[in-house]
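Here is the structure we will look at, set down as structure tokens.
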Amino acid sequence: MIESPQAPEAAAPSAVLGPNQYGKAETRVVKVTRDGHVHHLKDLSVSVALSGAMDAVHLSGSNATVLTTDATKNTVFAFAKEHGIASAEQFAIHLARHFVTSQPSIHRARIRVEEYTWERIGAPGQRVGVPGERIGAPGERSHSFVRAGRETRTAQITYDGSTWQAITGLKDLVVLNTTDSEFRGYAKDPYTTLPETSDRILATQVNARWRYGWTDDREPAPDWDDAYTRTREHLLDAFAGTYSHSLQQTLYAMGSRVIEQRPETVEIRLSLPNKHHFLVDLAPFGLKNDNEVYYAADRPYGLIEATVLRPGTEPAIPTDLTLL
Amino acid sequence: MIESPQAPEAAAPSAVLGPNQYGKAETRVVKVTRDGHVHHLKDLSVSVALSGAMDAVHLSGSNATVLTTDATKNTVFAFAKEHGIASAEQFAIHLARHFVTSQPSIHRARIRVEEYTWERIGAPGQRVGVPGERIGAPGERSHSFVRAGRETRTAQITYDGSTWQAITGLKDLVVLNTTDSEFRGYAKDPYTTLPETSDRILATQVNARWRYGWTDDREPAPDWDDAYTRTREHLLDAFAGTYSHSLQQTLYAMGSRVIEQRPETVEIRLSLPNKHHFLVDLAPFGLKNDNEVYYAADRPYGLIEATVLRPGTEPAIPTDLTLL
Amino acid sequence: MIESPQAPEAAAPSAVLGPNQYGKAETRVVKVTRDGHVHHLKDLSVSVALSGAMDAVHLSGSNATVLTTDATKNTVFAFAKEHGIASAEQFAIHLARHFVTSQPSIHRARIRVEEYTWERIGAPGQRVGVPGERIGAPGERSHSFVRAGRETRTAQITYDGSTWQAITGLKDLVVLNTTDSEFRGYAKDPYTTLPETSDRILATQVNARWRYGWTDDREPAPDWDDAYTRTREHLLDAFAGTYSHSLQQTLYAMGSRVIEQRPETVEIRLSLPNKHHFLVDLAPFGLKNDNEVYYAADRPYGLIEATVLRPGTEPAIPTDLTLL
Amino acid sequence: MIESPQAPEAAAPSAVLGPNQYGKAETRVVKVTRDGHVHHLKDLSVSVALSGAMDAVHLSGSNATVLTTDATKNTVFAFAKEHGIASAEQFAIHLARHFVTSQPSIHRARIRVEEYTWERIGAPGQRVGVPGERIGAPGERSHSFVRAGRETRTAQITYDGSTWQAITGLKDLVVLNTTDSEFRGYAKDPYTTLPETSDRILATQVNARWRYGWTDDREPAPDWDDAYTRTREHLLDAFAGTYSHSLQQTLYAMGSRVIEQRPETVEIRLSLPNKHHFLVDLAPFGLKNDNEVYYAADRPYGLIEATVLRPGTEPAIPTDLTLL
């Protein structure tokens, strides 16, 4: 036999590792703080995603640089005790800084948080959640809570050892205008059958993410809770106060309101499903439907998505907030 | 004897039809009522179930006695216009009476309703859903709503042509006490490892159905909305105000409170999952966890179910509110 | 001292405890059995519900008769080791017998099981789940599984110390006939607008529960796995082989087939949502839709429910398999 | 004359529109093709997202360039008739090309498809879905189907008028190895408590997206169905055949297998939740648990995500397949 084929000294790899991250997702931590007889409650779901020098674990199965996802979960619980939970964002900042600064192999940490809101159950005789009545003043029932069940607040903090990215958001905030919405003057193609309307219900489930300009530890961070509350207020206010020619226009009104009114925010991404409410045809039953009776459909639905930016800002929020 | 076997004149059937019902489920009807510039909104999911002389349709495929489920859906929409939606129960009564009295083949109608709550979006500058502030006073924004997202109100009306059964309820009302809950002194068997505790979080998701004593058209019906609001209040109040030795005891406190305080109600069924919050062991990290940091588990969960009755009442609410 | 008012010796109670049960729900147990290199897998979700002498725990908070739900969970895990999991039903029988016979306060146990099916991942080069090819012969890959994801098998075993009730079932088995289904000749009322059809898609999601005649320990129990497999087969076969005049008729064909063919079964309850597939009107686009293009709707849906019985049998399966 | 301050001819805007898209999501189209007595079934959920010259609709409410989402839905149905559904990808290509080439305002179309698999219900007496038996040979029951319920196939086609991007994928393919998985030698920090293990269950729910090298109409496109089937096979085969030191390593084995074996594919993104199966401690009950009895936990879970690339390829698949 002639020469055996030479072993390749450095064979070109047939596949290479690209972007990767790992961590523990959806650790549900509940923190009780006792202020005398008045208890306070924070309820978070925390997801940790770490990346860095992780080639060996993927390529050779060596785990030497891998902090276990179990340890990242433990850290969430321990930090709830050590640092408390001032806000979702502040808590995530503690975690992200810890992972990046304490483990040489970890170069970047992204912490996502969902926060669930609880309201106090009022004192006896006081009704809860009834518009126009006082809600949940701390009294004797200072340790009893009812989950609000409204939208979920979200936060995402990313840190690479030098620069911060802070994105706050909300999801599943369902809103509806019974009037002041029309839709007409649109393009017609051979597949267009929709009649124009000058008065329709406009309803959507607001999914929003907004990015703060803050990136540097040496600069003061936003007041996270106040920024959230006021941004949510602006979104509701712009939705309610806009005479709508399309959901696109309403979306832009909501996004630009936030950019204009909240100086700490440089970018906002909105994903708004058009929750169709179709006027029911009651004519077969001898009835007139004067914009009174609607059928609320599930699927399909229009889906309107856009980013609104402070001038001069490059978009950084992923454009797919709602995956199939 | 030679004769061929006689053809059976009436062969014994090998299978027989038992209880049956049919109808259209989950018709989502939204009703807008315009009171000048102030709009009102009702948002229901209505499920119709009819039964009666339906043997032929099952056995022979003859549809002569079948009112289509599509027609029952149409009736829901038409009745929203014809009768309005004063309350979930009143609307269901209109429907049930109609089906039983207008179709000879239909002997019994059961109407189930889920109702979703919307709150008004406040006038500009007014915050929504913030404890301590005025909510949703009808102003210029009298056509804009945000979905409350709290518990869902349910109603079930059954009518057989002479007698009514009215069951109201709520589901997914999530409540939590941070203290005043213990669990000890329980039976121990060889599989018991749970340590006793004198201070734990008690959390549950209240699923309740209560039956009214009203059964006769000639008697005045309950004030449906007031009965709902006050019963919900009593459930919250009893949950918050009970020092708990077990979730069973808390359940009974909730149920008996309603029976004692609400004369229109004769039976209540509660299904309460014990949403476990486990104290996290922080000792490995050199930290003391003084009832501060909890892990909220998903599954498995305790499930506590019981009926509470006005003395002399036979239970009539199905005992499985929560199916696997 | 003036005497305090006399305590009532036996005041009539204002509320009484009715039917009640408790236990741990949805304990997910996975059992691996190693037969040399060939591994076998059982994957169950087990829910325990116990009842008996439980008045004191509800009324006074005394837990002396309460076996903890945590202990019932531990028993599930321990029994998986001690008894193995021959079938969902057999495993539930072990559990039910244990609780009723070992704890004097427990008079009745109801065990519910969901079972998830796993198939073997085939040897290299062999395709998995491809019709017409051999699937999952135990080879070198005898420890690798893929979850089937089809319907879920259910079992419910109830024991009161003397009599057994065994109900097996399945849920979420989605089936569809593209033809051999019509719907006409139905009753018309003023709200009927549905056009009659002589060729439609018939699709449903089969939810079935069937009760076995077996009640006595001294009689041989059914062959649980064989009974399940063959009953499922009959349901599919009857669905596919019935020319349908209505979903009611198809339901009865499915139920009576099981009663007629499976001697161990005395009752079956079927809950069949009519998963509507509407023919799309393509005429506006100059196209003819000859039963080719359908829109699959989510809600509302028809819901057809009935029990089929062996003659002489009283119905015992709850009639609400699908709750709102 | 004193000059009034000059009106800004072009005042700097305070907010600007960024990336945006819109369309109808989740149109569920079912296509029946009749080949004599043998019927074929395609069941898709189609989501259309269009972008282009849409500034005016957002900024001024002019809808002149907006093709309605309703028309995009109609197009889905009409194209199912006009072009048939050869595969999810081919169908999406027809749609994307249509929108971009027929509407001047639309510069880019992204079509997402989910495909649900149906298997034939076998002839009478033939069992369905039983390993080792022949499945669903077209016979008399050639119009009856049962939904497979396994993983969902996904496809995403993007077209900008000149270049195509084709990403196929699958989600919710749940796999499990009962052995040949260890996890040890990892980094330890003060929050690490996890014991090392040399034999554990490894289970995950495979979410994968892979991108084809094909971008040009003039080049032959992949054989979409064959590419899907074989890629799925490689993923299963690599999962089952890899002795695992970590889920990261298993992920890379799966991804690199596809890149190496499927020449049409240049990039694959995998998102693998670590579905933890914890060995239950049976020692308190005097039992030894020799890797037999496991508790399958829901949350939290490890989440391992990575891209594997053909050398020289830039990653283009979004890195967040699984959103919070």
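Observations
Each chain gets a letter, A, B, C and D, in the order it is written, and its residues are counted from 1.
Throughout what follows, a contact is a pair of C-beta atoms (placed from the backbone, for glycine too) under 8 Å apart; a residue touches a chain by one contact, two chains touch by 3 or more.
Since the structure is predicted, the reported quantities are computational estimates derived from the model, not experimental observations.
Between the interfaces B-D and B-C, more contacting C-beta pairs are found at B-C.
Our note on geometry: chain B versus chain D, Cα centroid distance of 37 Å, whole angstroms. Chain B and chain C have Cα centroids lying 22 Å from one another. Counting partners per residue, chain C has 27-28, 74, 78, 191, 193, 284-285, 298-299 as the residues that reach two or more other chains. Contacts between chains leave no pair untouched here, as each chain touches all the others.
Within the complex formed with chain B, the chain D residues making contact are 190-191, 193, 284-285, 298-299. For chain B in complex with chain C, the touching residues are 12-28, 45, 47, 49, 54, 57-75, 78, 102-103, 105, 112, 114, 154, 183-189, 191-194, 244-246, 248-249, 251-252, 255-256, 259-260, 267, 273-274, 299-311, 315, 318-324. By the touch rule above, chain D contacts chain C in their complex via residues 27-34, 39, 41, 43, 74, 77-78, 80-82, 118-121, 124-125, 127-132, 134-137, 141, 143-151, 172-180, 201, 229, 233, 236-237, 239-241, 277, 280, 282, 284-285, 287, 289, 291-298.
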